[in-house]
């Protein structure tokens, strides 16, 4: 199993979500993050300017079975890209074990619903 | 646009043909000695404060509906309108809107006599009054009350081009629009010299001057500035719905000043205006909830808040003229029409009126103005009746006033847009739209 | 429940036995020619707007206390109550509560004469008045002022069944409760024909009619609908405490209209009501903070806000009858009692009154009603005195009125619950309770 | 500090030398029979409620500016001030501030005659009035109106030591400060016996008593309590800017009661005060936005809100004395000066006045008090004129009043700090400052 | 050392926290995430329905020494499970190194307080 | 490539950010987390005290090339430490693959901007 962590633009979320569903990825989690980027933007506070440019991004975390890794990455790149600086990154890492809390199922099994396997 | 021009043209012709334009001038009867009455003044000072509150309220109503990255931009726009229009109003606006002038311009715009409120002193009695000839309010209170109307009107437009306008372009637009559109139209309808006023157009608290005026400007701006990027027409999720409700609640509260204050006295007319305002609003809110329930099996918070605002808008011009029946009818109608305007017509026409400034204020204002011509009853103010009280003329006059306002405001807005777009520019860069206006236009983010 | 029935029965008997029920009818003295006074009208229009604002304020007070997933449900409930009860009030409620009827029903409920405000016209003078016999307000203002009371009362109940009620069931309940409980009880206590009014029950601004009435309904509903899942009685953390404070602040502000407006004039009585309201509230808030400080070594924000609301509730029935001493006493007592009711008794009894609608409004209302019978002093209104001014009768009457309201409202609420539960259903599915009512009942989430 | 002492000393001497201290006592002309007027009472009840609202408004203005972990602490401080000062005011404060005493103390402080509002009954007419000699308000309304001023003044100070003060120390400080600073200074300036009043110092709505008084206390507290940890002087980011805007909007709204209510009647003077308040505020807000625009190429929301508050502060003492020209001048000047005070002078001097309570209220108040001496014009109130109307004396008197308040409030604050610091302690532990005051001082977190 | 990432119901948080303390896990971090699940829920905006069902969940992140892995997972499954769909998942991955910022301690040592070892 | 996850005090964020930029780490993401710590703090709700002490922390996530790992960790420890309990932790794990969404670049390349390599 692999973990895919993608940092994407908030405005591309709908596209990414739809594209993932297209390729059969139905479950994932996401949350708001802020990114530090190169392009500094000045902040103002009552006439004092200070520098803390952060940009809002969405972190998407998907754990997939190995065989689904490629298509998932491709789906994200295809749907999250705008071609402009700031499109974000995708990082892949290894997951040693997974459990489904409800049933206690382990491993690959915990990641799909039996009988619904695409 | 074309259609609008066309139909208002027809209306105009009908009226001319049918010779329906006698000067039903509501001339001031010679009054004994008007004096400042503490009771009326007490109410009108408070009403003025209440109308002031509507601009922050609107800021939250709108601000909650946009995405998190653009909320400060909305708040900032409303706030600077409050500041700049106040100055504009004192310096020149009041004089142009409510002052008189000589010669050809008299029915169309005031002159500069009252610029800087020149010559108006602290104990002057208001020359304008509606329901009490003698026991009046200070002139200054009337000026302030009207100032708050001048502020909120351009603030309504903000909803149309939200999330993609340059602050500088917005600001220039707003100032010019106030001078070239709001002040003249207010003069036409509300000044004792105004040609629509003399024609007998009824607009108790600002259906034509405020809502139609702002609504059509909103539509034109939305069409010209274009859609937001990357949405494919799907609506964005409001970032803070409690703020929307807070805004709607405060708007409802403040609107009691707006409508019940527009009689300029604390009397039965104020009470009646309060009653129909509250009733029409409740009806419209409830109707919208029912529509949501029917169409989606559940009523939504944004929906009921929108319905309430639509009701407030539509009852505005009618508040001093209609009774309970009229109020309920207006509430139902405006909610039904706006519901479909917003949920069916807008998506089909495909323009991006971000927060439905046209769909709610424009459409609601038109319904209100027309409904005034239908439901006005002499049971409220003896001198005024509408179609259902046997005075079809009134309806035509209302249509005319509506049409004229749509055309005038629409055309000038169009011209202003083009000029500003060519000079200082009006739409932000894609990157700024993507990352949010708050950071790039104001150097701040709302929540930290 | 049983206990309540029992004790109010005893009270009843005591009163009958001691022959304490002379008709101390506060009959209207024949007055010269009442007229609409601008000063009183100015104040009462504003007071009406202030009371209106209390419903959005309550929505935020409650909305901030629930979990993030249920806040819109609370706001929506308060909003639809504002809309629907306004309609109900104009259509039939006012006529039933304040109209008169003939025969047996006269002391219990009005008839339909004023349905749709039929026959009430714009310049009618209010038939109801308290402190100024001649200089009165328009009838319509009185109707509107009372309308806002009719709105906020069912909104108070919302706190009891928050986070687990079906919107449809809630809505049917609210409407029926307004018709079957609120309108009659308002008639009993406030109508010139009402039997409790004729008996001499004192309720200046709604201790019985509003707070006890809503509070006991809240308790019954909380008991019947059952606890929220998976909490094991531990309280949930408020999702947005600033909203709680905003709500409390606006409630405090609006309550000045509620209490100081209930004299229906801008005079010394209004001033006095304002004073004791402000003082009792401050005292209660401060007392609660002290309790927190003693019991937990630190005062909490939710605590002080709750204390303020408890103070506002308790002073409500007494606002036009007590002086400074009474106000301070009421503030201290209500805060102590509610503190223990909420923090000790409720957990022990184990019912799940989510936001303490009973613990604060019910308990606070009872304290206020009883305290009125104790602290009422002729220094405020010459005609009324309580136990400490040598009139023990008043205390018994207050106990009777309290008991009757508890029984009546409790029983009808019980019946309504059972009927609605059997028909449309009243509690949401577990899954909806878990995931939040906002999404499943309204298709929205508050923050995005 | 030293400089201040020095310059106010000089002022004092100048005045003494030039023999400018004739008793220009504005003695009450013998009036026929004052009575309670409903119109004036209506307005003043509402004005009182509006001033009350300013404290929650301030709580949000300040609360939005602090970091997320300290917002409840701010709200709590404002809330407990509202509760505790109300009690203090009724028990003793009003008597000391507005009562009279005999002998040496007469010009400096009232006695205990009105403690617990003893002897003041419901229909008493206010002994204080400004613009209407006969048609007055109930005494109780005056007491309440002034109560709200007594509440907001210590609440302003909160901004200076935000994010690092012990709740207990804060509370003791506030109570003592109210007793030892606010009540006497209010007596000096506003009581008919006060020495500054008799000297002819003008302070329409509280420039000296409220803003300078609180501002200098804020500065002293900020200096003594020391900087927050780990900031190296860089400002922290406001955690919720919409709350800041909400607070500023409600402050603007409530301030109409503050200033237009300070004439104690609903008349032309109230209208004029409303006008100059609104105008100066708009001007100041706009000016700040322009400064932001010039210095940072974009106007910020916090900036425009700060500008508005600065304008409100500065116009306060002048509201009943200046015309349109004065209002615009005051708006521009205060915004320019406060902008630099906050953005340039404070960072250089390096004290940590967290929310610029001194930079906005202190500096703004001084500007307002001085400007009153410059711009006061007999066109508003015939009896009062300033430098530009040919009365340089007034300016000197204003400087004297300002200097005296700065010294007195500063010195007593200094002493209070030292005493409390030594006894109960005043600054929280580092760990609490780091983790936030909300959890450690109140056992709550704002958002969950 | 292993990282345990558990996505649980918000309403089970107290139970999970208590259970973890039972078994001696005193430190962990958590934050709000949103999950995309199968059961779509319609959203409404001014009369327009659109589909973006997300559900709120809590992400818990715990880094434990290898020997504590099993009991921690068991504790979470036991306390977070309701038996209904939506109970969430647990994912295990490897942590190569850990530092305690305060002291600079590394590895296993950084994860427990000396002398307090259970 | 390695992932560095640091849980730090919110009040040290500016220092950490500046220090990271000093050593050439220009990109990272962060978000708010809550930590469960040992020092319990009582909560109050309307007179009821209950115990759920959580403290606010910031999670910083940085993916770096292997050669940058050490200096990054050092930079964080140096800038985030106050010496008091609660300074937080740093965890290192392996990243198998990385993509730049905008260009589709993979691996180390996706982590720096060509020509700007420090």
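Order of writing sets the chain letters: A, B, C, D, E and F. Residues in each chain are counted from 1.
One rule holds in what follows: a contact is a pair of C-beta atoms (placed from the backbone, for glycine too) under 8 Å apart; a residue touches a chain by one contact, two chains touch by 3 or more.
Every value quoted in this text rests on a predicted model; they were computed, and no experiment measured them.
**Q** Using the touch definition from the top, how many steps at minimum link subunit B to subunit F?
**A** So the least number of steps between the two chains is 2.
**Q** Name the pair in B-E, D-F or C-F that forms the same interface as A-B; by residue number, over half of the contact pairs must coincide.
**A** That would be D-F, since it shares over half of the contact pairs of A-B.
**Q** If you average the CA atoms of subunit B and of subunit C, how far apart do the two points sit, in angstrom?
**A** For subunit B versus subunit C, the centre distance works out to 36 Å.
**Q** Using mean CA coordinates as chain centres, what's the gap between subunit D and subunit E in Å?
**A** Taking the mean C-alpha position of each chain, the two centres sit 50 Å apart.
**Q** Can you compute the centre-to-centre distance for subunit E and subunit F, using the mean CA position of each chain? Integer Å is fine.
**A** That pair's centroid distance is 18 Å.
**Q** Based only on mean CA positions, could you tell me how far subunit C sits from subunit E in angstrom?
**A** The answer is 45 Å.
**Q** Pull out every residue in subunit B that's touching 2 or more other chains.
**A** In subunit B, 37-40, 42-43, 46, 68, 234, 237-238, 240, 246, 266, 296, 298, 300, 302, 440, 442-445 touch at least two other chains.
**Q** What parts of subunit E, by residue number, touch at least two of the other chains?
**A** Each of 14, 31, 42-44, 49, 52, 82, 84, 86, 93-94 in subunit E touches at least two other chains.
**Q** Name the graph shape formed by the protein chains and their touching pairs; answer line, ring, star, complete or other.
**A** Graph shape, chains as nodes and touching pairs as edges: none of the named types, so other.
**Q** For this entry, which pairs of chains touch?
**A** Taking the chains two at a time, the touching pairs are A-B, A-D, A-E, A-F, B-C, B-D, B-E, C-D, C-E, C-F, D-F, E-F.
**Q** Tell me, which parts of subunit D touch subunit B in their complex?
**A** Within the complex, subunit D contacts subunit B at residues 37-40, 42-43, 46, 50, 67-68, 132, 135, 237-242, 245-246, 248-250, 252-253, 256-257, 260, 265-272, 274-275, 278-279, 281-283, 285-286, 289, 296, 298-302, 304-305, 308, 324, 328, 379-380.
**Q** State the interface residues of subunit D toward subunit A in the complex, per the touch definition above.
**A** Subunit D reaches subunit A through residues 234-235, 237-238, 291-292, 295-296, 298, 300, 302-303, 306, 339-340, 342-344, 347, 356.
**Q** With touch defined as at the start, can you tell me which subunit B residues reach subunit D in the complex?
**A** Touching subunit D: residues 36-43, 45-46, 48-49, 52-53, 55-56, 59-60, 63, 71-72, 75-76, 79-80, 82-84, 86-87, 90, 116-117, 121-124, 137-138, 140-141, 143-144, 147, 167, 240, 243, 246, 266, 440-448 of subunit B.
**Q** Tell me, which parts of subunit A touch subunit F in their complex?
**A** For this pair, the touching residues of subunit A are 2, 6-8, 31-38, 52, 57, 59, 73, 76-77, 80-94.
**Q** Report the residues of subunit B in contact with subunit A in the complex, numbered from low to high.
**A** 68-69, 229-230, 234, 430-431, 434-436, 439-440, 442-445
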